[in-house]
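Shared between the two complexes below is chain A, which pairs with chain B and chain C, respectively.
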Partner chain A sequence: MAGKVIKYERDNIDTDVILPGTYLKLHDYDEIAKHATEGIDPNFHARVKKGDFIVAGKNFGCGSSREHAPIALSHCGITAVLALSFARIFYRNAVDGAFLLPIEIDETAYKKISENDQLEINTQKNEIKNLTKNEVYSMKPFSDIISKIIAAGGLFKYKPD
Partner chain B sequence: MNITEKLLAKAGGKPSVAPGDIVFANVDKVMIHDVSGPGVIKVFDKLKKEGIISVEKLWDPSKVWVAEDHFVPSAEKISAENIMKLSKFTKQYGIEKHFKYGMGQYGICHTLSHEEALVLPGEIYVGGDSHTNTTGALGAFACGLGHTDVAYVLLNGKIWFKVPETLYFKLNGKLPENVMAKDFILKIIGDVGNDGAAYAAMQFGGSGVSEMSVESRLTLCNMTTEAGAKNGIVEPDQKLFDYLAARGAGNYTPVYGDKDAQYEKVYEYEASELEPLVAKPYSPENIAVVRDVSGIELDKSYIGSCTGAKYEDLEAVAKILKGRKVKIRTEILPAAISIYKRAMENGLLKIFLDAGVTVGPPTCGACCGAHMGVLAKDEICISTTNRNFPGRMGHVESQTYLSSPLVAAASAVTGKITDPRDL
Partner chain C sequence: MPQTLFEKVWNSHKVTEIDGRTLIYIDRHLVHEVTSPQAFDGLRLNKRKVRRPDLTFATMDHNVPTNNRSLPIVDQISAIQIKTLETNCKEFGIELFDLHSPYQGIVHVIGPELGITLPGTTIVCGDSHTSTHGAFGAFALGIGTSDVEHVLATQCLVMDKPKTFEIRVDGKRKHRHAITAKDIILSIIKRIGTAGGTGTVIEYRGEAISDLSMDERMTICNMSIEAGARAGLIAPDAKTFDYLKGRKYTPKNYDELVDFWKTDMVTDNGAKFDKVFTINASDIVPQVSWGTNPAMTSDVTDTVPHPSEYANGNKSEEDAAKKALEYMDLKPGTQITDIKIDRVFIGSCTNARLQDLIEAADVIHGRKASPNVRVMVVPGSQQVKKQAEEIGLDKIFQDANFEWRESGCSMCLGMNPDILSRGERCASTSNRNFEGRQGTGGRTHLVSPVMAAAAAIAGHFVDVREWL
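On to the complex of A and B.
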């Protein structure tokens, strides 16, 4: 997978800014997507392109259990979020609902990746290529169960051993 | 094994588990509400369309209950439609425990879980809401999940969990007067940070927790979510059994940790050293001692939510407001009709209304920025709720200070952030 970076250089990007509470009543995925990250970046919906990645700091997606958060991002075209760490429910929702890949990166990758960089991610090799800067970073491999759920295409398609 | 490990081992059909193990746990109880319910319905629609699994029947409708809390009474047309969707869903699938507003007992889902004894010691309980952790105070493994996961449980009766590491928070001694469980959990979140317990269990114990009421323990477990925890939990004791017996529940098998239970880390606190705290905007970990920020001018005091509008929370507020008047807009929204009714019977509502407060119906309301008192740009609020991220209670440039009910009430009286000891 390849795409351009939208970078938020901050920790604790919570579900209240990814999809503000007032929109929790919405259940049409495209309608939800119009309000993605409205709390920190009102222009996000206008500038995001299909295949883009979000890069952020630690504890991405903390706060509520709203599945609206990964839904909003994925229906805008985001295919992966690269963060120093993730809050647990966001992480689960992203994987079990097959909305996007939550990829844990290290401090080096976080510092080096800039807004608008073009990245190529290979989850087989756990490798992130920065095509703009001609650099390669490692990503934290997915755990066994997470890899299997991702490979199956979400929790409902996954068959436990 | 500690209590969380024992619960997950039992539910996963394994003799023992250790942190990091994956279990497919059989679930005892499931909750959905007017946000996660329509979300689950959406997942069901997709499953039906794709033909992945039959959605004709639930695994066990008797183990499911439905709350109407986030956007009720219906805030506008879309939320009214969501309420209609819930009614259709519960009728179609034969779910009898549907707590409808305007029809007797209803309230915030987490409050109903204990007011109605819907979850019992020894059980595995999941809910489509992050503050499902609250109910771990009843000696259950209680964990919040998203729509897809809840849909999976509704159809299969089980779900995967990674066994969490457990952080143990020990409180020595009884909390001093004017210091509440809310102050203790704020102190902990300030110490460990917003992700200090990420993916972990937070267990509370020690003489201070034994001394606490069940409602205070619920406050502790409620805000484990704000430290990123998978679950919060307190070991069952006689106080809990009495609490549940008063609500008609007696048929359950409590689970306890072993004597040699292991914990990832033990944190120890002396109750006598704790004092009233607030979490300043814009994060629950942004803790300050009330006396260090007293004098900050406020526009509003909000006393509501699963965190801060249980009966004992309202009692604490009434203690402050009795014979006084509020100086700023103050809203009190009891977290369930049963609490509202007790507040009426015991004269609390009269104290609130005499003080000038607006008393509203049970609802998540402004806590999650939904309706009923959301904040304007630059509006500053002190609130008994659980989160204060930007925009949580309304405008992204509004400000929320999280506090105990006593601090929120004392601040309502002065119009400034106030330590109840200084009133």
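On to the complex of A and C.
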């Protein structure tokens, strides 16, 4: 996985700013995607490219259980969110629905990664390469079962051993 | 080995272990119009049935208008979402309390009032405030749409075992009417933070918790998610058993169940929690949030804090507080009681039960809402509405120029016609003060129903202890 960084240097990015409530009525994923992160970054949809990553602080995705939040991000091209920590329901939704990878990073990586940096993520090696800065960071490995659900392509495709 | 209440509920619902995670049986599944359509689509696509339609209950609450129910729904997209739930419930054989049902209401208000919520059960719903049902000693948690589909298909959920977190609220509240359950839970979140409960199931204990009514306990458990917890619960007691007796879906062998709950659905003496936090109820005063998450809350007697003082040396907290004050258009040092408001919302799954409305009405004393303030009172369910009207609350509110509306989520989440306009400031009894939560550019201050009613009359926040 490789892509450019869109960085929000803040904690507690909640599901209401990731996808404001008024758009929960929408059923079509691409329509939902047009409003991703509208609450804090109205230009997001115009500048995001397929394969981009979001980098953010602690407790990303806190608040509502709306799966529309990871759907909105994934359908405008985001393949992974790199955050210091995630709220539980957002994390589950991202993995179970195979929308995007919720990757936990440490303070060092969070501080060093800047907006527009080009990253390459290797989840086998738990490694994040910053091609712009020529640096390598580690990511927190996924637990066994999370890796298996991700590899299967979501909860419904996953079959226990 | 002594066990906590949560561990007992967890252990009694284990089906099997899968790759280090546990498959948990789900006793009750509550469904609403917003987080279910894609789940039903998934079932159809894979030719699956709902495994236990008899344990699944649906209503529409999030996007429903709260004005005249006899009129058609103007917003076509909402109308389709509501119609879709009707079609899905019919096709899959699920009981639905639709817009014209006497049992319609906010899913977390109707579950308990219909006796669907029971002690010792596992309850899920595609809504984060499912934690509300924990007030009855249930393990109740919010899930997303993929998991809704999974539970519809299998009646199970795969989970990691959460840690246990004891929050003790010792002592007594100094003022029973002015200091409410809302002030207790906001005080807790203010101290432990929005991620303070991450990875845990909270059990609320202590004298001040036992003192609370069931309506008040639901307010406490409701906001467990605002502290980042997976769920929150309170051990059932005589109040719980009285509340559930004789409700529509209360099981026939109720007395036997009560005997079991009394002895088994409690935390054993000597059981260890992974984490403990203690607060004394006598230190709690009415609370008002000033920022853009529920931890950004102050005592009503305080001023809006300086970001540096709020952050206490934490740079990212300081930045967050600065951004919050900018969004909220507030200056540090402003007395909370000097903050003027444009709107008041009394409602939501946090504070729209009968007791909330009785207490809010008690503040009015024949006065009227400030002419500059628009006030909405939105009962949590049709049952709450009916009971309130039977004791004349509708008249008290309407005489004070408070709007008396139909039941639904209303202005809590900005997805139905009840929203704030850009820049409007609202005293709200709901649970989230996130940016744009009640409408783009809207500003939310979280308070209790009595604080909201007093602010409606004064046009600004007041210390409701002086009024009651």
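To be clear about the criterion, the second predicted complex is superposed on the first by the 161 of 161 C-alpha atoms of A that agree within 3 Å, B and C clash if a C-alpha of one lies under 4 Å from a C-alpha of the other, contacts with A are read in each partner's own complex, and residues count from 1 in each chain.
By definition in this document, contacts are C-beta pairs under 8 Å (C-beta built on N, C-alpha and C of every residue); 3 or more make two chains touch, one makes a residue touch a chain.
This structure is a prediction, so every number in the text was calculated from the model and none was measured.
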Once the two structures are overlaid on chain A, check if chain B and chain C clash or fit side by side. clash
With both complexes superposed on chain A, which partner does A:E104 reach: first (chain B), second (chain C), both or neither? neither
When the two structures are overlaid on chain A, which partner does A:K157 contact: first (chain B), second (chain C), both, or neither? first
Touching A:P20 in the superposition: chain B (first), chain C (second), both, neither? both
Touching A:R10 in the superposition: chain B (first), chain C (second), both, neither? second
Contact-wise, after the overlay, does A:G63 reach chain B, chain C, both or neither (first, second, both, neither)? both
Quick check on the superposed pair: does A:G39 touch chain B, chain C, both, or neither? Answer first, second, both or neither. both
Which superposed partner A:D96 touches (first chain B, second chain C, both, neither): both
Look at A:D117 in the shared chain and tell me whether it touches chain B only, chain C only, both, or neither; answer first, second, both or neither. neither
Residues on chain A in contact with chain B in one complex and with chain C in the other? 12, 14, 16-17, 20-22, 24-27, 39-40, 58-59, 62-67, 85, 87-89, 92-93, 96-97, 143-145, 154-156, 160
The chain B residues in contact with chain A across the complex are 22, 24, 35-36, 38-39, 41-43, 47, 52-53, 70-71, 75-76, 78-79, 82, 128-130, 132, 144-149, 151-152, 160, 162, 194-195, 198-199, 228, 230, 283, 368-371, 374, 387, 389-392, 396
Within the complex, which stretch of chain A touches chain B? 12, 14, 16-17, 20-22, 24-27, 39-40, 58-59, 62-68, 70, 85, 87-89, 92-93, 96-97, 143-145, 154-157, 160
Interfacial residue positions of chain C with respect to chain A in the complex: 18-21, 34-35, 37-38, 42, 46, 62-63, 75, 77-78, 80-81, 126-128, 130, 142-147, 149-150, 158, 160, 194-195, 198-199, 225, 228, 230, 293, 316-317, 319-320, 323, 413-415, 419, 432, 434-437, 439-440
Listed in rising order, the residues of chain A that touch chain C in the complex are 9-12, 14, 16-17, 20-27, 39-40, 57-59, 62-67, 85, 87-89, 92-93, 96-97, 143-145, 148, 154-156, 160-161
